[in-house]
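In the part that follows, the structures are each spelled out as structure tokens.
What follows is a pair of complexes built around subunit A, which joins subunit B in one and subunit C in the other.
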Partner chain A sequence: MENVSALQRTAGKKPWHKKLMDGFDNSNLFPYCLIIPVLLFFIIWNLIPTLWMIGMSFYNYAFTTGAPEKFNGISNLIDIMNNDTVWGNLGRTFTWVLATTGIETVLGILLAFLFWNSAKLPGRRLALTLLFTPMLIAPASVGAFFKLLYEPDFGVINYLLSLFGIAKINFLGDLKWAFPAVTLVDVWMWTPFMILITLAALGSVPKAELEAAEIDRLPWTKRLVHIIWPYGKFVLMLGILLRTIDSFKTMDLIFMLTRGGPGNTTELVAIGLYRKAFEGFTMGWSSTLAVILLFIAIAFTSVYLYILNLSNAEKE
Partner chain B sequence: MNKQNLFKIAGLIMVFSMLLTACGTPATPAPAAAEPAKAVEPTKAPEAAAPAEAAKPTEAAAAEAAPAAADHPLKGQKIEMSILGIGGWVPSRLGVDMSPLFAEYAKKNYGYDVTFTFQEAPFSDLFQKANASLLTKSQEYNIIISDSQWLGAFAEEKAIVNISDLIKTNPEFDVKWVSPVVADAYQVYPDGSGIKWGLPEEGDVVVLYVRQDMFSDPKNIADYKAKYNADLPQTFEDWEKVDMDTFKNISEFFTRKDQGLYGTAYQYSKVYDFMTMFLYPFMFSTGGDIWDPKDGKIFGILNSDINAKAMEANREMLKYQPEGALQYDIAAIVDAFTQGKVATAFQWAAEGSAMIPDALKGKVLVVPPPAFKQADGSLKRVYSVGGQPWVINAYNDDAHMRVALDFLKWWYLPETQLEYAKRGGNPTDAATVNAAGFEDIQPWFKAYKYMMTSEHTRDFWHEPTYSTMLSTQQEGFTAYASGQVNDAKNTLDWIACEQQKIQFEAGRTKIEPDASCKNIKLDK
Partner chain C sequence: MSDIRIEKLRKEYGQTVAVNDVTITFPSGSVTCLLGPSGCGKTTLLRMIAGLEDVTSGEIYFGDQKVTDLAPSKRNIGMVFQYPVVYRGITVYENIELPLLQEKLSDQERRKRVMDVVETLGLQSSINKDITKLDNGTRQKVAVARTVARQPQIILFDEPITNVDVASKDQLKQALKDLTRMLKQTIVYVTHDQTEAMTLADQIALMKDGVVVQRDAPRSLYNQPNDVFGGWFLGNPGMNFFDLSAKTNGHGTEIQTGLFSRPLMIEGLEKDSNIKLGIRPEQVKVSGKKNDRMVQGTILRKSIVVGGQYLVTIKSCDQTFKAKVEPETGYALKDEVWFEIPLKDIIIFGPDGHRLDVKTSLA
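Up next is the complex of A and B:
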């Protein structure tokens, strides 16, 4: 009997640590404790460096002179506004964004239509895997790889051209060719992403509506405009926006291919910033430029969020 | 959130950011990663363009010449040393490859065990790596193979040991160099002050590598004679007399695009100082200059008509160089030369072992690069100096400082320098370079010795602002070389304005940028 009553006593009792955990689970602190690690990570690695960068943008500080930083207000900003190289780089970057994202989108859509509804096509899976491979490779590796392909003397591309009697082209060293050549590499690398996005967009179109259109013998253009586009446009636009933001930040690929040359013909704003910050070590000035770029990125992100909200609103 | 609140928050963020930055920039150094050497004394803030006060070596390190093993303070201890050097650069690597020899020497003479690790980074990133480490007062790298132009930055930060002070107690470091250019390039900052901060690890100069198998081909000799009514240079002495006009003929003669052969190659790359190093000789050798180190004047010196013509002459040579020469860096020159794509190549003497692989042994002649004819008919050649000094981390603790000094004392022993030369390094001490038979050790040593004189070689700024000024001029020089801009004088005007501004804003000169600078644009 004693054993039984002891069991009864302990059955109602919870060990202290369980009690503590229960109390903790039920308290208001619990959700905050869960987000503390993420919050700490965010504060240490994002917030403090960003605030530091914003602060540094008001100072004249070079990494190399040993001199303390000097507060100079908005002088860096004024200097950047009057700096032709920065404007040139920004202009080139927007051209780059338009060219790469535009071509990748058009090609991506065209190629995605080829693979749409082709589930029974033999070798489809292999073809898609091969097609998606470029975007899985590190941009630095792609850069090194294409540098060899473009090589004027032993590069494969020039060899192939020579078979058709076309004279050697110095793709990466020629003012006329350098920009199109690096654009082509980016297109090769990122068109698969747009194919993937377009396939996702096409996948969101209800099959019933497509079948109804088929039965009604709706012309292909009308199917595209009235059925496919309304369902697929948000996914596609998100894809375009993601590519736009990513393209705006391009650095490693071009750095490997041309390092911004010849001259400045392929120097995008991210490369210009790298040169100023980590070759020129002008930390204050570079921070100001980084802050400006941060605002541009925020602007892009706002458009992204606006479209996302628009999509949600339409669904509701 | 209304607009008023938004502005308030933005304002608060900015004020907080500024405070954060003001309170915690590297100018207020972080605690030392290691206990710094006792005698690395705090130094006063340097005046503009004045030398920083010496960061002094430790008491232990300042002891007199190597004691016997019996009384060495590190006897019986094990020490790990770390050297930071240039990745893929043979002479840098040699310093570490030879370290087992020092380990034996140290064990025998001092009684301690030492091992070395080698950290490396390419030229373009090494300064970033070294400086970031030194700014935190770390002794992560006990010895650094620096580039000569970084002496100013390191010295102003008081991050490296003042060698002038060191010599007072360690006379072994007062080595007699082969030429005054060695001290000017690898040791002294500020320019002309005589205050030493580095010790030469490797000397280097621009030399011309010639495919002698092509030049001695009887058909080439006959064809060249027929076309130019002159002889193709065959010997070192012949090349001493070659001027740039003759060299253009030679380059034109060997440029046979249909055969994939070009006259010459040198660097036009935007990376680091690559184009600068091969454009400067055109300026220095034709009477141009880049600045006045005494008062920091750049505008009016760099943007001279002489220098503009030098830039034009440098670009003109592109027509005798392979497609893609605008991207050429050190490795690309090695490839072009060893693959038989070019008949000659301007290249660093330090690349000798890469430029003359086994397959080309006996087929390559290394000679002084072409001279430039002066108004009086005389010949002048002044090329850029390469090479790197050792610098000693001022934050080394006593033990590591001691070993660093022991290592460098061993480095300058005649037998060590001779071994270094045999392995392909370029020594700078007079005893080794002037010794009988030195020129026969390596195929490029005769040209190296010829060029390593103040008459034929010079360095440029050792300023703390070096990297900023370099980045600017690389942008301008490569824009002109590529044809993106076509007015050499305007390009130089723009560079001179930018550099004068950099120096003025850094407090390195009292000369403000010229008033005309407001209207000067690179891409006018």
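Up next is the complex of A and C:
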């Protein structure tokens, strides 16, 4: 009897952790508690610095002068608009984005189709794993690695060229060769990403539709247009946009390879910004340029969101 | 048109045998349903016929032509998949026409073929609609139309009604029924739905564990299952089975059971054995009134089934079984009932589950 009454006494009691949860059960607080850590992270690391940067873009402020910041309205913006170097860097950046993303997309699609059609080939998994390693390496390491490969005196590439009787080329120091040379490194590094994206896009195509097309004897062009493209286009376009945005921000890879040189042939807008902000310490002017770049990135993101919404609307 | 001959066809996935040395012929110009529960190997068999799965061993012939190693596109077949396959970005008409563009046909002939099949399947109102705007039922009709318009020598259906919404199911089933009656092609139709198989098939091949256990006309398969599985799988609910012990004495083989008004005599059994007696629920006669030929039982459950009939679960002599009775009789039944298991309808299965060719009578 004593045991029974002890059980009855404890039956109504809950352990402390369940009691704690009771407080959340009857309120709407719980969902908010879950998102607070992310929200705090976002506010501290994204929102405050961005607002700070936007605010600073209206000031004339340089670390080197020691003078206090001075409000100058949109003078920084006007100065940037009239700055030929910025426009040159922006033009070069767009060429860079177009060249790297374009080559990576075409190569990625072609190689992905090869892998897609070789599902039964032995060693396919190993080959895919090896192929993806470049994009897992830090861009700074890739830069340092390729700098050695491109080295005119003891670099492997020049050694291989010399075997064919080709004279030494200073790939990273030659005005003509520098831009294609760094483009090639980016292509080496990021083509696997486009292979991955294309394979994901191809993976979203229902097997039955491809089998039906095979039985219906459709030529591959029709299969591409009526089956593969309708299913794969959103994933592929997402990949292209992600590459576009990422390529637009390229800095570390080129900085390690050429530091924007020779002259300014490989100086992209992010490198110019770095120079102005952390070598010239003109923080106000650099903040204005950063805000402009932010708006360009937002424009890319809007395109990406528009396409995603389009995808969802089509699914509905 | 040609028949499909399958000889000792086998498919293994690692240690699992999906199709186990199947030998069967699908007659030319007829509709054969491959029927069986999920995982019995019917879809794998169909996909091997289509060339979409490699065979582990065995041969497939279309008429006299060996096609075992031919690519699907070289087999001159058509296939309708479980999931409605349509080509996107084009209209219904263009979908049906697309495979025909690969054939050497005049524009007039191509158009005639498309319009004929559109009319047969009642797709006239959707002909210019974008394929993505259609429901699954209509999409599946388009897939059927596209396959039929090509006029291949063999058409394979892989559970085409499964992924269609309930509202379109009956409509599509009727359309398929009309179509299969019209077509001259050899048709193999995979389904797990016995009603669908009974409605459409000239012959049903019943599959279990990778093996075709019986192939027969629908009515024969239902009334004379070769084994316990056929009796259990076909019918809703399936056959009632009674485990009984047969003893041979000076008068023949006799079974002492309370299920009959007198002992059951079996002619043709060679020795004492444990047998199974099978009877379909609708063949059991049930009455509320006592009759000399009938045996008393107690109703455990009573429920109305589709069509208004009553399904009653009866217990008698430690055996429980189901009976289907007409609405008026079912409604009037009280707890105590009288039933008769007609000898002409019972099937005797041996200890291995196969049907025995024996004669039965009451002592």
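We take it that the second predicted complex is superposed on the first by the 297 of 316 C-alpha atoms of A that agree within 3 Å, B and C clash if a C-alpha of one lies under 4 Å from a C-alpha of the other, contacts with A are read in each partner's own complex, and residues count from 1 in each chain.
In this text, contacts are C-beta pairs under 8 Å (C-beta built on N, C-alpha and C of every residue); 3 or more make two chains touch, one makes a residue touch a chain.
Please read these numbers as outputs of a predicted model, since none were measured by experiment.
In the three-chain model built by superposing on subunit A, subunit B and subunit C fit together without any clash.
By the touch criterion defined above, A:G280 lies against subunit B but remains apart from subunit C after alignment on the C-alpha atoms of chain A. By the touch criterion defined above, A:W190 lies against neither subunit B nor subunit C after alignment on the C-alpha atoms of chain A. For the combined arrangement built by superposing the two complexes, subunit A sits at the apex of an angle of 160 degrees to subunit B and subunit C, based on C-alpha centres and given in steps of 10. In the superposition on chain A, A:E209 makes contact with subunit C only, while subunit B stays out of contact range. Residue contacts after overlaying the shared chain place A:P68 against subunit B, while subunit C stays out of touching range. In the superposition on chain A, A:W96 makes contact with neither subunit B nor subunit C. Of the two partner chains, subunit B is the only one touched by A:Y59; subunit C is not. Once the two complexes are laid over each other on the shared chain, residue contacts for A:F255 go to neither subunit B nor subunit C.
Of all C-alpha pairs linking subunit B and subunit C after the chain A fit, the shortest spans 31 Å.
Contact residues of subunit B toward subunit A in the complex are 13-14, 16-22, 24-28, 46, 52, 124-125, 128, 131, 135, 153, 156-158, 260, 269-272, 322-327, 341, 464-468, 470-472, 475, 478-485, 505-507, 521-523. Listing the residues of subunit C that touch subunit A in their complex gives 50, 52, 71-73, 75, 77-79, 81-83, 85, 87-90, 98-99, 102, 132, 143, 146-147, 150. Remark: subunit A residues 206, 208-209, 211-219, 222, 225-227, 230-231, 314 touch subunit C in the complex. Those residues of subunit A lying in contact with subunit B across their complex are 48, 51-56, 58-69, 71, 84-85, 88, 151-153, 168, 170, 172-173, 175, 258-265, 275-276, 278-282.
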